[in-house]
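Think of it as A, B and C in the order they're written, each chain with its own count starting at 1.
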Amino acid sequence: MPVLLDIARAPTLEALLSAAKTQGMDWRISAVPDAGPLKIQGVGTLSSAGGQEISFLANPRYQSQLGATKAAAVIVSPDVAQALESGEQGRPPFALVVCKHPYLLYARVAQWFDAARRPALPGGTHPSAVVAADAVIEEGARIGPLCVVESGARIGRGAVLGPGCVIGVGSSVGPDSLLHAHVTLYEGVKVGARAILHSGVVLGADGFGFAPDPSLGQGAWGKIPQLGGVAIGDDVEIGANTTIDRGALEDTFVADGVKLDNQIMVGHNCRIGAHTAMAACVGVAGSTTIGERCTIGGAAMLSGHLTLGDDVHISGGTAVTSNILKPGRYTGVFPYAEHGEWQRNAAVIQQLAQLRRRVRSLEKE
Amino acid sequence: MPVLLDIARAPTLEALLSAAKTQGMDWRISAVPDAGPLKIQGVGTLSSAGGQEISFLANPRYQSQLGATKAAAVIVSPDVAQALESGEQGRPPFALVVCKHPYLLYARVAQWFDAARRPALPGGTHPSAVVAADAVIEEGARIGPLCVVESGARIGRGAVLGPGCVIGVGSSVGPDSLLHAHVTLYEGVKVGARAILHSGVVLGADGFGFAPDPSLGQGAWGKIPQLGGVAIGDDVEIGANTTIDRGALEDTFVADGVKLDNQIMVGHNCRIGAHTAMAACVGVAGSTTIGERCTIGGAAMLSGHLTLGDDVHISGGTAVTSNILKPGRYTGVFPYAEHGEWQRNAAVIQQLAQLRRRVRSLEKE
Amino acid sequence: MPVLLDIARAPTLEALLSAAKTQGMDWRISAVPDAGPLKIQGVGTLSSAGGQEISFLANPRYQSQLGATKAAAVIVSPDVAQALESGEQGRPPFALVVCKHPYLLYARVAQWFDAARRPALPGGTHPSAVVAADAVIEEGARIGPLCVVESGARIGRGAVLGPGCVIGVGSSVGPDSLLHAHVTLYEGVKVGARAILHSGVVLGADGFGFAPDPSLGQGAWGKIPQLGGVAIGDDVEIGANTTIDRGALEDTFVADGVKLDNQIMVGHNCRIGAHTAMAACVGVAGSTTIGERCTIGGAAMLSGHLTLGDDVHISGGTAVTSNILKPGRYTGVFPYAEHGEWQRNAAVIQQLAQLRRRVRSLEKE
């Protein structure tokens, strides 16, 4: 699982590896069973791949599954290949693809299948879309059914808008970007090349800016207009229902190669450095700057007006409330336990300062 | 509150209970006031129900509200009924419906009203919808305005798509399912029978899969295509803006009877067992398996690649970071306090290991 | 940044301040450079404003930026003005606008620019919208492309629906409200005047109500129909992808002037008091009542069936699990640390009750 191509369109193992983008990686095919050139129809895990699929072994903990796999071919590291080839059990019943980076080679093979299974659709604008007269749809761009492209917007070469996307006044989508169904760009939002934006993404909603305004009533809030925009670099992927707010006076900025999972919230004026990745449900409050190559675990939250340096890694569920300039891994999660045990320990938490005083007083005795 | 039917369409109390699906529950009507057969127009709480509404007492803490309720009839347990019927205050001014399971009977009565107040709409496809020529719309299905149903998709008998839904290539919606407005199914998503999907739900967006790919630049991420799909069982309800990602190589799987609240995130390759319920804002990271009949409290987060057994109950806000195979309730929440008190205790948290050493050293003295 | 108006439409500094709504605030212009009346084209921060923009100094920590700003004019407090006017460095190269409330005056100036840069669009219904025959579109309301307005709905005077909004049966949007693209109102939802609802907002999805129903199978859940609605007051702003569920029997209620950020979840039957503000990613479980003028920090979560009084302030990330009736600030966040340090301290957390016993026993010696 999954079989992705009909047998008629399936390549041989050799043709597949030659067609996939394997630049920078050495690989060799070894131990092909006698049955002759294999046709590869898809990719699967060791436990689920059938006899026309290629699989891979990247994590040693799955090595025991090699014995039972039905895959036609398996991508393995040189070490594993050597053990298999010289093993006492005789030649394995599958072909070996030997590569120092089995997971990356699997990724490339999967990318080839992903492209091959999708029919190349012609550019053009679906008749049900509503496109402003002065919007620019570049060559080969594809505007799906029931999209709205407003005045002055620009959709780059080869970009694809899925059904029901809305592109606001003067916003732009870079070449070869893919917007799945129901993506919303407010006005003044710039998305770079080769972006992937998933359904429900909202870029450019107003940042959360209010000031107490007594003239509107006791405790009432006056709105601070959000006059900046959102600028997204190249090669950025943004997960379903993630929201990135527009800046108050300047653009909220997401650099090249950033990967954001689903249901992330990035507040106004934030700046996220290149190749930083965030897992789902992260919240980044306004005006926080995150460096390059950081990773933020799921459901972590970052307070506003902070600076995180490059190569900072935050564990899932951690609340970051102050600057972190030193690379490293940071964590702050309450350890869970059976409920009764938690109750007993939590009761002490509420008296910790007192407990410390008691220890201090014992020490003085 | 609320009155749901005009008086002309309102049933008598007896007719209402006979029409509601009360199988498996014994009930009897008692203590009907002299005024004669009541017409019941709606359902309300004890404190808000008016004289044409039925109410219920399921939680003993609300028993004191019985004295002041204006409801025409109240569903009560046999114990409460006995107390009322034999009470010194005389016959209550409302009819009693006596049942061992008052809350469940209320649910059935409410279900009857919910169905009765909605006009039965004919099947058919709104002229503004965009439906592929080879999509299959089964008998009695209703495709709302501005929906998009792509090639090879199938909408089952009696299913309803609200306005603006998008059903991707080859996806299917089971019979009698209800998709509210703005639900998005990517390609290759299967939804079972009698599902209820709320607005903003996104099923089948790409799982978050990346591998470091130095050929793309220092720190750059290469995409792992997400070639699996999403499979949802029967009788599943999914709340507004909840997202369930497609699997990397196999389907992300949600079993029969699962109930998910709003803004939940289920990562790729997860498997959720039958009748498990999750409150809002829960995050489940990729490749985690959850058993049957579990409950996950609001804003809890589960790390990836975990296994939770059957009948595991996680308290709201808890971060689960390891397998839980034993049924029971598990918790891990930092107790809140007034800010100053929290500050004093939190300061000790950061020196707990040191504090334990000091106690150990005192013990050795 | 940003320049918002062409030079031809830009006002002089004096005209700008006279046109902005500055009621209740005294201000004066001082220290205008010799070059003569300035044309102001936009608003910027001290560090980014160019020579045709107005800036402001509201937070003393940015005072050092005054020396290098290129802004044409700066809004400052009387203290700062006095220091600048009497300073040894001579007259500053920008005009001063002196006001006791620089941030509020900036807000008003920004509001003026925000209105001025948007062309006044005529009312009317886009031909691609699907509007029920018995829906009421009041004078000057504007229904965007591909909206759906269902039977009995009412859109108030001057209200604007962005592209792709869905207004359910019998729902209403008050005068001068602005719904950005892709807002969904279920049936029976009332929104007051001057609301701002951002993209992806869902109001009125079913609350999460289920009761164990053995007749449906072991562990199965029966649905409690959600028969109430949602009622939103005047001057409420709701951020992108926030969801507010309909009540079980009565309306979920949000009072006047409430401000909700993105991706907030408000459960059924909640009541939120006037002028309360919540930052992003907050979850409020069902039937919780929050008072007036509260602030809830980002990613805080409130359990169900609680009461928070007026003027209660919850820090970001805090889990509130019991009533808070006393005004004040409350916090409960696990302090983060470098991962190894966290591990050492977290290990003690799991033995805190035991540690306390050990201290007690030492004290008895």
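Keep in mind that, in the parts below, a residue touches a chain if its C-beta (ideal position, glycine included) is under 8 Å from a C-beta of that chain, and two chains touch if they have at least 3 such contacts.
Bear in mind that the values here come from a model prediction, so they are computed numbers and not experimental data.
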#### Entry: Chains partitioned by contact, chain B not counted
one piece
## Note on the structure
Across the interface between the identical copies chain A and chain B, with over half of residue numbers shared counting as same and under half as different, the residues used are different
### Query
So, what's the distance in Å between the C-alpha centres of chain B and chain A?
27
### Summary
Multi-chain touching residues of chain C, meaning two or more other chains, are 128, 146, 164, 182, 200, 241, 263, 281, 333-335, 337, 349, 351-352, 355, 359, 362
### Message
Applying the document's contact rule, which stretches of chain B touch chain C when the two form their complex?
### Response
1-2, 4, 23-24, 42-45, 48, 103-104, 106-108, 110-111, 113-114, 126, 128, 144-146, 162-164, 180-182, 196, 198-200, 235, 237, 239-241, 257, 259, 261-263, 274-275, 277, 279-281, 292-293, 298-299, 316-317, 333-339, 342-343, 346, 349-353, 355-356, 359, 362-363
### Query
Tell me, which parts of chain A touch chain C in their complex?
128, 130, 146, 148, 150, 164, 166, 168, 182, 184, 186, 200, 202, 205-206, 208, 210-211, 213-225, 227-229, 241, 243, 245, 249-250, 263, 265, 267, 281, 283, 285, 301, 303, 314-315, 318-321, 328-335, 337, 341, 344-345, 347-349, 351-352, 355, 358-359, 362
